[in-house]
Amino acid sequence: MNQPELEQMTAAPNSWHMIRALAGIGLMCALLIVSTYELTFDIIKQNKAEVLERAIFKVLPGAESKAIFIVKDGQVEKLIGDGNGETRYYAGFDANDDLVGVALEAGGQGFQDVIHILLGFNPEKQIIIGMQVLESKETPGLGDKIEKDPAFQKNFEALDVALSDDGSSLKNEIVFKKNGTKSNPWELDGITGATISSKAIAAILQASASQNMPVLYKNREKFKQQ
Amino acid sequence: MNVLNKPLEIRTSPHLKSSVSTNQIMFNVVIALLPVTIFAIYSFGLAALLMLSVTTIAAVLTEHIYCRLNNKESTVGDWSAAITGLLLGLTLPPALPLWMAVLGSIVSIMLVKVLFGGLGYNVFNPALAGRAILQAAFPVAITTWHPAFLADRFTHIPSSSLAWPFTTATYDAVAGATPLGNMKFNHVAAEVSDMVLGMTSGSIGETSAVLILLGGAYLVARNMMNWKIPVTIFLTVAVFSGIVHFFNPTTPTPLFMLFSGGMMLGAVFMATDMVSSPITDRGIIVYSMIIGIMVVVIRLWGGLPEGMMYAILMGNAVSPLLNRALKSRVYGTGRKGGAK
Amino acid sequence: MDTNTFIKGLWKDNPVFVQVLGMCPTLAVTNSATNAMAMGLATAFVLIMSSTLVSLLRNFIPKQVRIATFILIIATFVTVAEYLIQAISIDIHKALGAFIALIVVNCVILGRAEAFASKNSVGKSILDAAGMGVGFTFALLCLGAVREILGSGTFFEYQVFGHGYEPWVLMILPGGGFFTLGAWLLLFNYMKERKAAKMQEISA
C-alpha cells in the first residue's frame, strides 16, 4: 500500500473498500464454517448415535444389538436409510438374537422444563424394563434424582403396563405414590423431595404407555425380525 | 459524637424524638417471643432447646467477632443479633443438624446484615434471608420434619441434630408432612383447631398460633409494633383465599390458610421488622397486601407448599420502592407537592 | 517480546476479576469444574483465533465497518468451536447448551479485537489474546472449583469428601454463582487494597 492510497483510505470512506472487506471476510468465514462442518459431520453423527445407543442398551438390559422400526400406514416396518420425522421404535436384541424389548422416546412437562426420557418396553410381558433421562433441567440435588436415585430406578425393573382385554388401553393407570407406599406393580414409588419431578415422570409414562403399548403388543412378533 | 458524623435525617420536620430506644424495643420483642419459645421447647423438647440456643449464640458471636475484627464497638448489646438468631431458630425444623443452623446464623448476620451496613441498613429481614439461603442450600434437610410431643423428647437428642459438620444427617424419627405439605401433595386438610393450638408438626416456633398472637398483642399494647402490617396481611390472605375457595372448593379454606405454616410467625414477627418494612402508612398497606397475595399465590399455584418466607422477602425487596413512590406529604406543602 | 502483554491478562487485567467482563458465562456455566474448564477453553480458542485474524486483516478493514467485520469473524469461530465441541464430546456440548453460541456476545472477545488486535502486530495480538483467554479460563475454574466442591462434594467428578458429605445444593444453583463471584471479587479487591497500602507505606 503506497502513501497516497493510505491517505485516501483514512480521509474519506471508500465504499469499494468497505464492500471488499465485508464480502472478502464473509466469504472466508463461510468457507471456514463449511469446511469445519464437513470435517466434523461424520464424527458428530457417530457421537450422537453412540449416546443414543448407550441409552438404548441401558433401558433394555442385556441388549447387544439394535434395529430401528417405524410405523407407516398403521404398519410396523423396519426403517431403511435415515428416514425422517417418524416415531422410532428401537428394538434391542441379546447375544442370541432374541428380542429383549423395544425402546422409545417420550417427553413431558417437568418442574422446570420439558423432560425427555427413553423408555424400554417388554411387549411380551407387558412391562416397562428401563427408563433413562435424555434431557432434563430439573433442580440439581432434588429433581435430578429422577436420573440417578437407585430407589427410583428400581421402579423400572418391571413396571406393569398390562393392557385391558380388548388390547386398546392400559388395564391400570400408572399412578404416582409417595415414597415407600407402592403396593401394586403399576404404581410408581416417588422420591422424597422431588415429588413434582417424579409425578411428571409418572404422567409421561402413563401418556407414552397408553399410546404405544397397544401398538407394541399388537406388533410384538414383527419386532422379532432382526 | 460530632454532629457531622450522624447519619442524615431523612424525614421532614417536625423531628420529634421518641424516648424509646432501640434496646428497649428489642428487649420487648424478646419478651414477646418468650411464650412461643417456651411452648416450642415444651413440644419439641431438647431438640428445640439446643437449636434455639445454638442459633442465638452463633448470631451474637458472629456480630461480636465481626465488630472486633473491624475495630468497632461491639453492637451485640442492642439485642438485635440475639433476636435474629432466635427468630431464625424458630423458623427451622427441630431436628435440623445444628451445624446447618450455625451456618444459617452466620449467613444471616454476615451476609444479610453487617455487609449491608448493620442494623438499620439491611434490605432484608436477616433471619428470613438466612433461612432462605439454608433452604436453597439444604432443601432436603430443611423439609424433613420432626414429630412433636415425643415421649422421650426431654431425655433424648435426635441424632440428626448432632450430625458432624458437613455430613449428611440420619434421622431417627421423621414426622409426616406438615399441614401445608399434606394439603398440597396429599390433599388432606388438618384440623384448624390443632393448628391454632400447635398440635401439628412444623418449624420450631410456627406451630402455636395462639401464643404468637399473644406475643404480637403484647408488642402492640406497648406500642412497639405496627399492628397494621399483620392485620392487613391476614385480611388480604382471608379475602383472596376466600374468593379462590368460593370458586374452587378443593382449595383450602381461608381459616386453614391463616393458621397453617409460617403465616402467624411471619406476619407478626418477621413482616413487622422495622428496618425492612416501609415507613409510610400507605406504603405499609401496599407492602402487607403484596405479602398476603404472594403467599396465597405461592401456596396454591407454586411448586412449594409454604410461601410465607419468600412472600415476606419479596415485600422487603419492594419496600425501598414503596418508600420512594408513596412518600408522605411534606408538612406545609399542598397535596400536589408544591408549596401552598 | 513483551511478556507483560501475556501476563497482564492473567492477573492485573484479569477479564473476570478485574474488568468484570463476560459475566453471563461466568455465572451460568461454572456449576462444575469440567463445565467451567470447557467454557474457558472454548472462549480462549475463539479469542485467540479471532484476534489473530483481526490483527492480520487490520490494514484491510476500513474503520467504518470494523465492528461488523469483527462480529462476523468472532461468530465464525464460535460456530467452528460449537462443531468441534460436539465432535469432542456430546455431553459437554449438552452441559454448555446455549452458552456456546453466546460466546459471540462475550464482551471480552470484541473488546480485545477492538482495543488490541486491531492496533497491534499479529504476534503481540496472539500473546494478548492468549493471556486474556488463560485468565478467563483461570477465573472460571476458580468459580467452578468452589461451586463444584461445595455443591456436589466433587472436583472434576472426583470425590473430594467422604460419602457422608452433605452437598450445598445452593452452590450449583444460579444463586451460588453470584455468591461465589462475590466472594472471589472480595478476595481480589482485598489483596489489591493491601498491596496498594503497602506501596504507599514504602513510598512514604
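Order of writing sets the chain letters: A, B and C. Residues in each chain are counted from 1.
What we mean here is this: contacts are C-beta pairs under 8 Å (C-beta built on N, C-alpha and C of every residue); 3 or more make two chains touch, one makes a residue touch a chain.
From a predicted model like this one, the values you see are computed outputs, not experimental measurements.
Seen from the Cα centre of chain C, the chain whose own Cα centre is farthest off is B.
Across B-C and A-C, the chain pair carrying more C-beta contacts is A-C. If you average the Cα atoms of chain A and of chain B, the two centres end up 45 Å apart.
Between the Cα centres of chain B and chain C there is a gap of 40 Å. Measuring from the averaged C-alpha position of chain A to that of chain C gives a distance of 32 Å. Within chain C, contacts with two or more other chains are made by residues 169, 173.
Residue positions of chain A touching 2 or more other chains: 139, 141-142.
Looking at chain B, residues 139 sit in touch with two or more other chains. On the side of chain A, the complex with chain C involves touching residues 1, 9-10, 13-14, 17-18, 20-22, 24-26, 29, 32-33, 36-37, 39-40, 43-44, 47-48, 50-51, 135, 139-142.
Those residues of chain C that touch chain A in the shared complex are 31, 57, 59-65, 68-69, 72-73, 75-77, 79-80, 83-84, 86-87, 89-91, 94, 151, 167, 169, 172-173. Residues 97, 100, 133, 136-139, 141, 163-164, 166-169 of chain B touch chain C in their complex. Across the complex, chain C meets chain B through its residues 161-162, 164-166, 168-171, 173, 175.
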